[in-house]
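Here the structure is laid out as structure tokens; the discussion comes afterwards.
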Amino acid sequence: MPESNLQRALEAKKFVVTAECGPPKSADRRVIEEKAKLLKDWVDAANVTDNQTAVTRMSSLAACAILKSFGLDPVFQITCRDRNRIALQSDILGAYALGIRNVLCLTGDHQSFGNHPQAKGVFDLDSVHLIETVKKMRDEGRFLSGDELTGERPAMFIGAVENPFAPPYEFRALRLKKKVEAGAQFIQTQIVYNIQRFREFIARVGDLGLLDKVYIIAGVSPIKTPGAAKYMRDNVPGLDVPNEIVSRMEAAGKGIEDKQARAEAWRQEGIKICVELIQQLKEIQGVAGVHIMAIEWEEAVPEIVQKSGLKS
Amino acid sequence: MIVADQKPIEEILQMLEPYKKVLFLGCQTCVAVCMAGGEKEVGLLAAAVRLARKQQGRPIEIIEGAVKRQCDDEFNEPWAKTIEQQEAVLSLACGVGVNKLSERFDVPILPALNTKFFGEVERQGVWAEVCAGCGNCILHLTGGICPIARCAKNLLNGPCGGVRADGTCEVAHNGPRPCAWVMIYERLGKLNQRQNIENIFAAKDWSSDRHGGPRKRVREDMLLET
Amino acid sequence: MSEIMHGAVAVVGGGIGGIQAALDLADSGFYVYLIEEGPAIGGRMAQLDKTFPTNDCAMCMLSPKLVEVGRHPNVQIMTLASVEALEGQPGNFQITLRQRPRYVDITRCIACGRCIASCVYQDAKFPSEFDVGLGKRKPIYIPFPQAVPLAAVVDPQTCIFFKSGRCPQNCLKACERGALDFTQTERVLTLDVGAVIVAPGFEPYDARRVGEYGFGRYANVLTAPQFERLLSASGPTTGKVLRPSDGKAPKKVAFIQCVGSRDLRHQSYCSAVCCMYATKEAIVAKEHDHAIEPTIFYIDLRAYGKGFENLVRRAKEEHGVRYVRSMISQVTEVPETKNLLVCYRDESGSLREEEFDLVVLAVGMRPSAKGQELARKLGIELNEHGFAKTSLFNPVMSTREGVFVTGAFTGPKDIPETVIQASAAAAAVEALLAPARGTRTKAKQYPEEFVSEGTPRIGVFVCHCGSNIAGVVDVKAVAEYAQTLPGVVHAENVLYTCSQDNLKHMKEVIREKQLNRVVVASCTPRNLAALFQDTIREAGLNKFLFEMVNIREQCSWVHSDQPEKATEKAKRLVRMGVAKARELKPLAVQSVKVTPVALVLGGGLSGMVAALTLADSGFETHLVEKSSELGSDLKEIARTPEGEDVQSLRANLLDRVCAHPKIRVRTNTAVKEISGFVGNFSTVLHRGEERIQHGVVIVATEAHEHKPNEYLYGEDGRVLTQRELEAKIERSEAREKTIVMIQCVGRNEQRPYCSRICCAEALQNALALLDQDPDRQVYVLYREMISYGFLEDLYRRARDSGVVFIRYDEQAPPVVRKERDQLFVTVRDARLRQEVLIKPDLVVLSTGVVPDPYNEELSRLLKVPLDAYGFFVEAHIKLRPVDFASHGIFLCGGSHAPGTISELIAKAQAAAGRAAIILSKEQLEAGGIVASVDPEKCTACLTCVRECPFGAVFINELGLAEIEAVKCQGCGICAADCPAKAIQLGQFEDIQELRMLEELFAYEH
Amino acid sequence: MNTNEPKIVAFCCHYCAFAAADLAGVLRLRYPPNVHIIRLPCTGKLDALYILKAFEAGADGVMVAGCLEGSCHFISGNLRAKKRVLAVKSLLPKLGIAPERLEFFNLSSAQGDRFAQIARELTERIKNLSPNPSPQEKGALEGGRR
């Protein structure tokens, strides 16, 4: 019986829900505690981002430990941007020792987007190498260099990400295959808005025979305002926001004068769109769950989970 | 070739602040080709500095010159006497030239350029980094397009999620550039060699890069000492 | 043909056409008499401000040509001269001229203007011919500032002395050069010439004859040539657009098109250039004064030439020029404001009226009265419109053998077509007179240059230019100052540096004082530097050891109010000149042998004509065609729109080409590589790896009818192209009753240009269909009917024969569909603004022409440019229409630009003529003011290779940049950008330029 | 030199601006004698260095005048020159020299009037600036080049 709650749920063929939990730009553990309470009853596991978009925040490892203490099953996101292979492996060992059982291996956003664009990016390993490394530590008891671990191995449930919405589209499934071959057991995808393109991606993944080998958890994210929708459509590389979604968001606030009321109408529409997407994703063969990235809007998660009928 | 950029004139003026008698020494190889430190730039920069200093009421005496390659002592040697009479030398060579002159002369050698990368000429006036000098080439596998130099994250196993819909990289503060991995993917398609990237590239051994410490190359058979 | 053959040619008419023909002939070994009626050459082009479609400055282009022809040792310009008679036969003509007196000796006159200033008429009061009556002149005047010959002229019609005999003749006294001579009389002279080129040009249609527009009655109705003068910076208002009535800037300006053209009451033909010049004038007016709102009232907008479409688009989109399709009924004046009411019928037939501040009449071109008189005296026939009669297949040949005609004398034409015809006529003369080449020309002999290295010994000659300089500048002080400058061993004042006696004196001083550098401080080097260089060369100095300082145009004439400061400036300028002179180096001019062989690429109509023209002129010619046969472009064409038999033309060309001993034909042959440069090319052909050595290349690839993929073409046999229809008519297989022709098929964003020939093809086929069966119904759906020039008569005939013309908007093209085997065409009639449905038996598509796809490879091999649509780009759209920028490579054929057979023939002859200039020389001069690379410094960075506009730089076998002196045109772009400072341009070396700067500021008062 | 008499160097293309200056003379237009023309075969020959050297030598103003765009006798020389002038113009303030002292113009040979106008305006403009405090020093242009 695996120690990871997420892994157990997936193996039990449950349509899982994970949510993202962003650590604060401070040393305040209460922020994490609040989020833990909010998410605790609604998700199978909670991801903690690792200095997302290269903005310095509380370490993902520490935040994971706090979540764990609140009874959540944390997914430790770890990027190759800020650590070389020595630090990466060291943090994996430390995480395991703290009771963390899931690790999501990422390359990481480039430092030029963050609050320290002057920083030196490490990128010693890439995400595929990192997956391989964790697997090697877990299964062979060896570090990347071949040097042996002397004692308990980190029995991590290994995750990776993939973006079906960035070119070259045909190559994306193949890249996912590489990650699976490297040892990824579950995949959390980029936020899905264009369901058609996502279906095509899943079909390709299926063609490569990967659907039996890996759990695919589709990323979703509720949109707060039409402006955010437009921004994501026009300015965020790797996101594919169809115009239809933008117009739905715009239409939702039309004619409402009161600012607050309008913002609420937008939120409702955003949640509605998110719920609809989840329902469609549920129907896709090979999708094992959803990963809700309600960035700094964690309170929306219970509502989304409820409305999409994943939990009552 | 080595691509360099002239430092902002303000920084150069500041560097030269303490000196009144300086040699501006250009290099007629890489930095001439990339229009940063050849004889023409020496002339322009010297004229600019003299002008600025005159405006400040603190004239400066500048000797202008350029050598074939500052990274070889022999080319610099004819300038030895002149250099020794200077308060400082402003080198318009790449960093190699500055180091070389500094090893040889007891005069302060100041860099006029920021040495940037090994580059190709995309077209006149545009230079692009295409090789990182990592010491461990895999170009035969990647269709001749280097993921180490041309991917912002030096990824070895395909593109990250930050590729724009037009195939350019999201990291664009040096101007838009195509995603190296999109290029590799397309080029290998043309060469019918996509199988090259189906399997995982192992983690790179960076010890051949400058992460292994300052590098040196020795070719024993060419050594003149017995 | 006479047994005696003269190597001299009379070119009658000193406009751009005559000038071009004269230069081409004189440059290829013939002596030319350039005979001009007026007091100066330059013609109509000199009066233009700008030229379409590039809006290039007309004078900038023309002036260097004027100077060149004026200085040419083998051109004698004869002004105020007219032809009296022509006797003899080809090769041996006697042409009799009558030359009116100028009353000014042009060898003495220096155009200082003192005579004009002193004239008893204090104010200029006679209408200036050059300013089309808008400006005024005196009885003694200089035709225009850039005139050649640049000398005053007396008009006896207005001169008091001639009219009354009582005049103090102040002018005579004012002239310091004794150039005026009122005793001159008319003289008659007879010259021996081998051939005659007639280029008298045109006359603008007399706007007075179109009474309804009020020209001559209303002050603010101008003709377009007058408006052009208003726009000109050197015109009567210095480029300001002002109303004649009150001198105020107009806001609303109307251009009325087709004044005197396309009108049976006046001239039936279309004048071919007015749509474009009006567009140009509207844009230029708007550029001069942004408040102007130009409106062009037109019938059909004929933008059919290269780049024309683009100019019209820019006029509309960027400049907001308004175009109104209409018929003008009349113009009336508002008496109080002198504004003008333009009354017109718009396309839908409604009568409208609009008020304008100024009206410009786009008057057409008509044959000049003088041209008609000339034709009579020369014994050549005119056509029904009064233009010179030519054959379509021999567009520059008159009805009298040995007499050639060119330019607007043969029909309405723009500048490039005139230039093309001029070169074509020159080529035809060369073919006729080939054996006499070089028998009348003079080549100057110079003494051997003495080695002039070593310490500079500079002689400075400071010119008084009478009082032109000396009246303002203290020239004595300047000369004294010059004497003190380092390196100067001789300085003196000269009354007129350019006078023959002084030139002789200069040579003596050079010898006596062993000068090795000469500085002349006088007028602009643009006119006389070559004369002085020639002089020092006669004295044995390298001609580049010369520097000229302009203390007249750029000093005394502009600072006459401040003589002291002008003197100081003159000293500074001389000091600069001397400083440069100290650094001057002799420059070598090498001779490069010319291989007198031509390579013509493309064996279509143009290639065959070009090859024949060259071969007839005596040059061996290789004609290379990549397909299996020659003349395949003509195969599908039965006849021209005018009815001439194209197949017999083709057969005749094929016979002559194949039989010609000087032409070597290769079919199924492509070019593999071309190397070398003007005079010495080397080409490897694909077939057999054969290598040809040749001196010139003519690119003569043709264009092809575009094969459409719209309108069911290729899907339904009843949809044809015009060419296919023509073949069908020719086979008498056309039985259909209702025929719809659609024009401008496939003309879109990617292919926006007008193909020029399709409208005429449609008219031709429509008329042929009706000739065979008058009961037919023929519809032509068009955007604009491009029946320019005499083709307008065809258009009129088609309308009269019952062809239905329906105009459609570019945005609403016709639709063709098929239902149960019936074809349907629907089109929105733009005039009636309603849908029209036609059930045709046949749909015919005018698809336009596309350039040969082979052009891309040729462009790469020859390093010559293509435009966005795949047509070759000439060196200069106006004045070098058949040259590439790279020397020694010429172009003609449809792949340069679409054209009629007649136009293509002229262009091919012109290209051959231009090429012959090079082939006729035993050797070319190279070097002089060219750039060169210091191999010690070159880092082979390729900057120069990339930047050179002429492809003159290459990387040699040492891996370093090297500049082909023959190709280098001396612009210095490479020298300025070389990052290693390895390149210097002769005569403009950095050290020379910097010394001038240094000395300018070292000067102390 | 008198501060009211600035020295201005005009680098002019032989084909256009130099001809325009000639035409200004032919038309007897007037402009201040402060402008001194240096003739270039094409402004494409203008090395950016000439501009800096002119200021170094003591010029109070520099003008560069090439053909109208699209009319360069050598196809593209005037476009190259314009870019070089703009580059120097952006450098000048960093050297403590007012960029208004340098200007690029496009002229046709028929624009004698415009040439005179430019000469007048530029002289006026530069008179309003304080003189270039770079007095000529002997051999300043030598630059100690070896």
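As written, the chain order gives the labels A, B, C and D, with residue 1 at the start of each chain.
Simple rule for what comes next: contacts are C-beta pairs under 8 Å (C-beta built on N, C-alpha and C of every residue); 3 or more make two chains touch, one makes a residue touch a chain.
All of these numbers come straight from a predicted model, not from anything done at the bench.
Across B-D and A-B, the chain pair carrying more C-beta contacts is A-B.
Our note on geometry: chain B versus chain D, Cα centroid distance of 35 Å, whole angstroms. Computed from the mean C-alpha positions, the centre of chain A lies at a distance of 40 Å from the centre of chain B. With centres set at the average Cα position, the gap from chain C to chain D is 31 Å. Measuring from the averaged C-alpha position of chain A to that of chain C gives a distance of 71 Å.
The multi-chain contact residues of chain D, meaning those touching 2 or more other chains, are 47-49, 53, 140. Shown for chain C are the residues in touch with two or more other chains, namely 947, 977.
Residues of chain A found to touch two or more other chains are absent. Screening every pair of chains for touch gives A-B, B-C, B-D, C-D. By the touch rule above, chain D contacts chain B in their complex via residues 47-49, 52-53, 55-56, 91, 94-97, 133-134, 140, 143-146. The touching residues of chain C, when paired with chain B in their complex, are 937, 939, 941-943, 946-947, 977-982. Interface residues of chain D, counted against chain C in their complex, comprise 1, 7, 9, 14-16, 18-19, 21-33, 36-42, 44-50, 53-54, 57-59, 67-68, 70-71, 73-77, 80, 84, 108-114, 116, 136, 138, 140-141. Partner chain B is touched in their complex by these residues of chain A: 80-81, 85, 107-110, 112-113, 117, 121, 123-129, 132-133, 144, 161-163, 165-168, 171, 174-175, 177-178, 181-182, 190, 237-238, 240.
Those residues of chain B lying in contact with chain A across their complex are 152-165, 167, 170-171, 173, 179, 181-182, 185-186, 198-204, 206.
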